[in-house]
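In the two assemblies presented below, chain A is common to both, partnered first by chain B and then by chain C.
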Partner chain A sequence: MQRRSWVGAAYAAPTALVVGVLFIVPLVLVGWMSLNDWPLLGAPEINFPENYTGLTDNELIADAAWFTAKYTIVITALLFSVAFGLALLVQHQRRGVGFFRTAFFLPVAVGFASASLLFLGLLSSEIGPFHTDTYISWTSGSPNLALGSAVTLVLWRFAGFNMLIMLTGLQAIPLEIYEAARIDGASRFQLFRRITVPLMRPTIALVLTLMIAGSLLAFDQFWILTRGGPDNRTTSLVMVIYREAFIRLDLGSAAAISVVLLGVLVVFNVIQFGVLRRRSQ
Partner chain B sequence: MARLSYYTTACALAILFLFPLLWSGWASLESPSGFGLENYERLFTSDNGIRFYHVVNSVLVCLITVGGTLLVSTLGGYAFGRFRFPGRDLLFLVTLAILMVPYATILIALYVLLGWLGLQDSLLGLGLVLIMFQLPFSIFMMRNSFEAVPRELEESALIDGCNSFGVLTRVMLHAVRPGLITVGLFAFLTSWNEFFAPLILLNSTDQFTLTLAVVNMRTASHGAIDYAALEAGVMFMAVPCVLLFLFLQRSYVRGFMSGALKG
Partner chain C sequence: MRGISPLRATLAVLASAALVLGMTACSEDKSDTPTALAVDDGATLTLWTRAATEGVSKAFADAYNANHKNKVQVTAYPNEEYPAKLASAAGAKALPDLFATDVVFAPQYASEGLWLDITNRVSALSFKDKLAQAHLTNGVWKNKNYAVPHTIDMSVMLYNIDLYTRAGLDPTKPPKNLTEFAEHARKIDALGGDVNGTYFGGNCGGCNVFTLWPSVWAAGGEVMSADGMTSSVNSNAMADVFALYRKLYEEGVAAPAAKDEAGPTWLGALQSGKIGIAPGPSVWLGLIEEKGVKMGVAPITGMTGGESTFIGGDSMGIGVTSTKAAQAWDFLTWTMSEDAQVEVVAKGKGVPFRTDFAANKYSSADPRIVAINNLVAKGRTPYAKNFNATYNDPQSPWIATFRGALFGPDAKKALDDGAAKLTASLQKS
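What follows is the complex of A and B.
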């Protein structure tokens, strides 16, 4: 039996190696880097707490944090409603439902960067179908237009993915519960409010966590579609990390933003799990 | 009546979701001189267009990521699903924790670390990082697959004189094939489409993957963007994924659901 335990450990060794070298070490390293003046080229030097105090002076960070929060709220509300609606629409077996599921899910097979480029062309006045008599730039005309374009893109690309998760949740609800409630004379709205939503709570929590974490880390859609403009008004936090590291060549400061963002996400996840656990008891 | 309004709504939505893809396909084929592959020609020949070696780079990254993910997660899934050893639960938890730590926040450190390992600006380094990001899902999936294999299957092979590795290659691999297909498909779709990790980890244009090269047509162009060639690039990237997805839809959805339900 002792031997079998070593054999098992040997099979797990590649996993341990990859996780150790490429996950644990960088995780510690990003913390260490945030305590140092760490130029892209050249030797690092400890400068704690300058990278962190520098964060508060950096106006772009405050704007990006505010914008990212706003984007997160908007996209989470919209994406959740659309995805839930689609899942309800295709939850029952009937003629053609397979086609509808595939149609809603197909954008997920397209990479997000490709999807952003697709929308860049779709919304362009050069070849896109949406040009009007007076010229409007959908992607850089005004901050709100640019945000709206990015939101449309994200809805198109991710609604099907979230629909599929919610569909698994919907299909796990036993049909007998609905039958029993219907016999008791419950209306369709009551069925939805009193049965579907409460029993979907774990799935809803999962979907919301994924959406919020995903939008706090938004990058591709703004980097490619709006270029963070106009006037840095659609610049997300991860874009600021990238800019600190590879345009301002200050890896220490980029690491400090990463650590703060990481902290926010961990706290957020802990709260989320706490709420989820209390509710499910 | 209810049926009619159901199908009207569903069809309208389906058209809305399919429209961008259909439009992009059409726009990539349409040019002033008519319908044809002209935009694709420009995609491969214009100054800041893509080159054949970008396609090779992408294929290499996919091979490394898919091969590495399958290898590590098969061995790891076998270990977690069939063996007890010290540190097993801790390692499993830490592997799943990769999901909790969004990777944009550790890529700066990975950039420095790969530099120390001599893997700066290298496709191998990128592949290794992508394997790591695939591991939580893949290990989870493969552990469940191995746990679902009946013990008797394994025992009969052991009686026939196989050691544990013989059991794995002769009996188990065949039994966990649906899991392998799902894991491989996810690894392919991610590595083929990934943008942020290569953007951070690759510096020189001749190392660029296809995604980076196509995005570069937008970000590096100083004058007007060649939108038609850009849509050709989008199609060139998307069509393999869409076809593969339609072909393997069943296992994709099944694998996805088992992950979502238990996860």
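What follows is the complex of A and C.
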């Protein structure tokens, strides 16, 4: 018996080690950093709660938090609808469906930073293919245009990936249930509302969690495409963390924002899982 | 899913432990020993730089490697990523033997202790006074030297000779003050079509420090105190310069894209040959003419005359974690020699940072280059520890301030609010 538990521990060790080194250790380190004045070189000094109280007089944080929340709502709603729509379109085996599945999924193969650069070139009035008579800047002409460009990029890049997850969810629903409902005279809308959506709940939970966490941590698309502009109107929270850490070289303050953002993410996830568990019971 | 085998994981952990131990062992002797200032003994030196000035660093390295035992290996990183790359390397105590940085960021890196103290080495240089002083001063923190000039790039007025002729202006008579600059720009803009009078980086922090501040200096004004702690962006001298550019934009004399120009397409706009006259980096002269656009060069002027320039470019120092300081200094001293300044920099149409080589056999072939080189003595490089966060970063208060002054509803309020915010950012510890 004891031997078996040793073997078990040995099997778990690699994963535990990876999680420990790549997740637990950095997490504890960030927490510890946020309590210190942490120079790039040399010994840190405890300065709690300075890094946290400093957050309140950083105007950029409030603006960035508001923008990040707004972006998360917009992109989650749009990305979910588009991805679910695409999944429904290509769920049944038909002639040519393989082509469309591949086409929708293909953007996922492009790195996100590369995709952002592609869009930057595509939308540029200097080197892009679209020329209008009156000059227009898609990436920094106005806050809404800039947000719109970033949203289009994210939809193009991520819809296929989320479609794939939802496709597996759709295909896990036994066909007999649909058949039985159809025999009972259920309409298409009823099939969708009463069978597809309830049975998709775990998949929807997963997709929404991924989308919300991903959007709250948005960085590449704004860093590359809009540089947070115009006038800081598309500056995300992670961009503020980046500015604190690598421009101001204030690692303690950057760690403090990260800890707060982590707290928000944990709260969101707990609420989400709570709601979904209750409903599925 | 493939896992990582326990053996591999153990090896990885052991390897990283060995690395960490190795680094601690390496970081012992950091003293600036005057006994062996420079050594050429066949060491391999790593050198990091940003993409913008990679060409110069590589040219230096190639020429040095050709007749030295030491070998310099250059690695360039994308401009925007470079500060983050340096910060992470410093955190891991794995800085390269030599690294360059934008000269305006040098006080910050020096204050963070990322470079080795080279005060003794710099003092021992026989030509110390001949180095571009504004540039050299930016590598000083608390009276100690940490970096020396590596490349120079200055702001100048670049004007399109063909458009000058077409607009009936004399291309041998560039503007002597900003009012004339505006008149010339308007005349060229009147040619119509897709030609515009002027261009600027209306959404680019670094660009406007580089091109607008010299106009204030030329008029005897200041934009920031010498210690880099107080902003005077709301001074009349600065407000007048903003008002002039604002008017040019409102009149449509400046290209509409100038408002959103964040930097990446700035060069492209001038290369198009459709901009009459615009302030820009001197190193672009060659890059624009490559596209078949004939350009004239003139100093940046003040509202009513005078001339000045922003001496930009890169500084270079020895990484504080390097174990090859003497070899690295051998390379740095060589970059400041006549061999490097004339045969590499001047030959490549660059600006020598040794003022005693301003006139040399290569520059004398082109009077425009002599004019640029002579500006080094008149130019300035502003000094501030928080320069990047205050002026260059896209989220800097400077961008909000000048965009308010150039495009906002109330320029005066934007500058008054901006001065307070800039000062707060400069003083932030």
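One rule holds in what follows: the second predicted complex is superposed on the first by the 259 of 281 C-alpha atoms of A that agree within 3 Å, B and C clash if a C-alpha of one lies under 4 Å from a C-alpha of the other, contacts with A are read in each partner's own complex, and residues count from 1 in each chain.
The rule we apply is simple: contacts are C-beta pairs under 8 Å (C-beta built on N, C-alpha and C of every residue); 3 or more make two chains touch, one makes a residue touch a chain.
Treat the numbers as computed from the prediction; the structure is a model and nothing was measured.
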_Can you tell me whether chain B or chain C touches more residues on chain A?_
B
_Taking the superposition on A as described, I'd like to know which of chain B and chain C A:G160 touches: first, second, both or neither._
first
*In the superposed arrangement, does A:S137 touch chain B (first), chain C (second), both or neither?*
second
_Applying the document's definition of touch, where does A:A83 land relative to chain B and chain C: first, second, both, or neither?_
neither
*Return first, second, both or neither, reflecting whether A:G42 touches chain B, chain C, both chains, or no partner chain.*
second
_According to the stated criteria, A:S124 is in contact with first (chain B), second (chain C), both, or neither; which is it?_
both
*asked:* For A:F104 in the superposed arrangement: first (chain B), second (chain C), both or neither?
replied: first
*Between chain B (first) and chain C (second), which, if any, makes contact with A:A245: first, second, both or neither?*
both
*Should A:A150 be classified as contacting the first partner (chain B), the second (chain C), both, or neither?*
neither
*Of the partners chain B and chain C, which touch A:I75 in the superposed model: first, second, both, neither?*
neither
*Do chain B and chain C touch any of the same residues on chain A, and if so, which?*
10, 13-15, 18, 21, 120, 124, 126-127, 227, 242, 245-246, 251
_So in the complex, the part of chain A that touches chain B is made up of which residues?_
4-16, 18-19, 21-27, 29-30, 33, 38, 86, 89-90, 96, 99-100, 102-104, 106-114, 117-122, 124, 126-129, 156, 159-160, 164-165, 168, 172, 203, 206, 213, 216-217, 219-220, 224, 227, 238, 241-242, 245-246, 251, 254-255, 258-259, 261-262, 265-266, 269
_Interfacial residue positions of chain C with respect to chain A in the complex_ = 3-6, 9, 13, 83-84, 87, 90-91, 93, 108, 112-114, 203, 255-257, 259-260, 262, 264-265, 268-269, 320-321, 386, 388-389, 393-395, 399-400, 403, 428
*Mind listing the chain B positions that touch chain A in their complex?*
6-7, 9-10, 13-14, 17-18, 20-21, 23-24, 27, 71-73, 75-76, 78-80, 82-88, 91, 94-95, 98, 100-102, 104-106, 108-113, 128-129, 131-132, 135, 139, 164, 189, 192-196, 199-200, 211, 214-215, 218-219, 224-225, 227-228, 230-231, 233-234, 237-238, 241-242, 244-246, 249, 253, 256-257, 260-261, 263
_Help me check something: in the complex, which residues belonging to chain A touch chain C?_
10, 13-15, 17-18, 21, 39-42, 60, 120, 124-127, 135, 137, 139-141, 227-232, 235, 239-240, 242-243, 245-249, 251
